[in-house]
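Across the two complexes that follow, subunit A remains constant while its partner is subunit B and subsequently subunit C.
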Partner chain A sequence: MAEFEWPWQYNFPPFFTIQPNIDTRKKQLEAWCFLIHDYCKHHKLYSLDVTEIQSSDLFYNKKINRKLSSDSLLTVLDELKKKGHLEWADKSKRQFTIVWRTQEEW
Partner chain B sequence: MTFMYPLPVSVSLSLLCMPPHRPATKIKGNVIAEDQLAQMAKQMETFKVNLEEFATKHKDQIKKDPEFRVQFQEMCASIGVDPLASSKGFWSEMLGVGDFYYELAVKIVEVCMATSHRNGGLIRLDELKSRLEVSRHKNTQEISIDDLLRAIRKLKTLGNGFTIHPIGKTFLIQSVPGELTMDHTTVLQQAQKSYYVTVSGLVDTLKWEKERAIKALEYMLKEGLAWVDDQAEGERQYWFPTLFPDAQTP
Partner chain C sequence: SAPRHRAGIIGIERAIQKKQEDTDKNISQAFEDLSNLMEKAKDMVHLSKTIANKIREKQGDITEDETVRFKSYLLSMGIPNPVTRETHGTGDRYYIQLAHELNDVLEAPINDCGGMMTLTDAYCRVNRARGMELLAPEDLLHACEIMESLKLNIRFRVFDSGVMVLQSRSHNEEEAIEQTVDVKKGSATAEELSQLIGVSVILARERLLLSEKVGGICRDENVEGLRFYPNLFLNTAA
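Let's look at the complex of A and B:
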């Protein structure tokens, strides 16, 4: 399997801090959604656990010692849900499935 | 045409006291000046003809060789000819230099628009160059930093939008209107090596008041030029995607 290609943002430390500027934050969340989507597709993941995924390299770049906090992660996942690429498996938002293609895309 | 010095009809006392040869020198001086002027104009004309001849002969080289282009442009500038002023001019029609720069300008606009979501409309000249090189075919003309700056200066004719900011040894090209003051470019200069700055870092190295540093950084945040990193040790870091290297453009 070819190696996953990280976007430039992944090595950019502020990417792991939710941005205060609204426009910048919009771009940031969009980039996160793309990244999660591509990452899950590449590794053929669809059913995920929030706690588990939080410590995976997707949200924790050890090389630059930056990770997404629980709050930030929820912000990102909510954005993904809004775009139709995520379904929560439970009410407490612990488990979720990634929808590689939304219904419209099928 | 010879200019006649008006001699006074009545010679006053004060004039009598003056050295008698003065008006004559003036006349002579005028004649010499005019001769020189006429000669200069003739020389310029010859120079222009020669330059045109030269340019026609070396057309291909001007198109192909970026260094040759610089020299040609400098010669033109020294005699006061702008080969890029109009696409209908002799120079651009004969040499295609006009087309070359206008095409380059269009490409520059495209690259700046395509990357502005990432860098807030501010791009390093070397990144711009390597992105243009990627989009161009391998066997087309080489482009130089000088060509880029020339094309960007022409873009300024279109009005507010394109600005060139010298930062250290290189340039940042701003493609969205917005005021970048000396303070902001100084901040960018400080961030050139490590890609980020901190408030206390600016206070220490620039001897700025804390408020001044905060004000500059807040503005750059607002304009989307800076991102904050709250996971750094010590204090908040302000990062600049414009300066941050992109894996796609080494």
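Let's look at the complex of A and C:
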């Protein structure tokens, strides 16, 4: 399997802090959605656990020592849900399914 | 009536007792005078309130000389009463004079430190220069608040964070932001920026937050502190 290609944002420390500026945050969340989507597609993941994925290298860049906090992670996942690429498996938001293609795309 | 001088312990004891009685008398006299004074002040406060009510009934929106004089009375009693005074005359003669004085004294120092100074710094400067007849923080604040209406060279400004500053009229905000964005080719904390451009940490922080607000930079919050980077999210084609 080919090595996953990280986007430039992944090595940019501010990427791991949710930005207070609205315009900036919009761009940031967009990038996160793309990254999660591509990452899951590459590794053929669809059913995921929030606690497990939080410590995976998707949300924890060991090279620059930055990690997305739980709150920020939920913000990102909610954005993904809004875009229709994510379904929660339970009400407590611990498990979720990544939808590689939205229903319209299927 | 001084007691006859007596030798022995009795004499000493009496002398001490006499001293104590005198002190007691002094103290109670002082307090009596003080309460008399307070009674008088109470009357003045009461009177000024009645006058304030009368002025309100008249509803004057021009700066009448009468109102101005009345305000300076209130000021000398230390009971500024802005709620009922605000509509009657825009500020006090005292504050207007003070604002002019501040303008003269602070213009040069403000320009020296990059066109902006926090109000606490200004307070220190003015009072240290005065030595006596010092300013109360409230007086300074009032004087600063009316600076804008007097069209002085210095402007008063409050940031979103509540930090108050005086800035010179010629100081250009956009230029400062541009400079902030430019200075940080890499990344910087408020402390680093303050050393780099030679302003206080508080002002450096405000400058960074302002630049962030307009999207020039973005933040990286971690255990080491708050660090700012050029905003690559907005300025790089993904």
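Criterion: the second predicted complex is superposed on the first by the 106 of 106 C-alpha atoms of A that agree within 3 Å, B and C clash if a C-alpha of one lies under 4 Å from a C-alpha of the other, contacts with A are read in each partner's own complex, and residues count from 1 in each chain.
One rule holds in what follows: a contact is a pair of C-beta atoms (placed from the backbone, for glycine too) under 8 Å apart; a residue touches a chain by one contact, two chains touch by 3 or more.
Since this is a predicted model, take the numbers as computed values, not measurements.
Engineer: Between subunit B and subunit C, whom does A:W8 touch in the aligned arrangement: first, second, both, or neither?
Structural biologist: both
Engineer: Tell me the contact category for A:K27 with respect to subunit B and subunit C: first, second, both or neither.
Structural biologist: Once the two structures are laid over each other on A, A:K27 reaches both partners.
Engineer: Looking at A:T17 after the superposition, I want to know if it touches subunit B, subunit C, both of them or none. Which is it: first, second, both, neither?
Structural biologist: After superposing on A, A:T17 lies in contact with both subunit B and subunit C.
Engineer: Go through subunit A and flag every residue that touches subunit B in one model and subunit C in the other.
Structural biologist: The overlap between the subunit B and subunit C interfaces on subunit A comprises residues 8, 12-14, 16-17, 19-21, 23-24, 27-28, 65-66.
Engineer: If you look only at subunit C, which of its residues touch subunit A in the complex?
Structural biologist: 187, 212-213, 215, 218-222, 227, 229, 231-234, 236, 238
Engineer: Please output the residues of subunit A touching subunit B within their complex, sorted ascending.
Structural biologist: 6, 8, 11-17, 19-21, 23-24, 27-28, 65-67
Engineer: For a test of understanding, state which residues of subunit B touch subunit A in their complex under the given definition.
Structural biologist: Checking each residue of subunit B against subunit A gives 117-118, 196, 221-222, 224, 227-232, 237, 239, 241, 244, 246-248.
Engineer: What part of subunit A is in contact with subunit C in the complex they form?
Structural biologist: 7-9, 12-14, 16-17, 19-21, 23-24, 27-28, 31, 65-66
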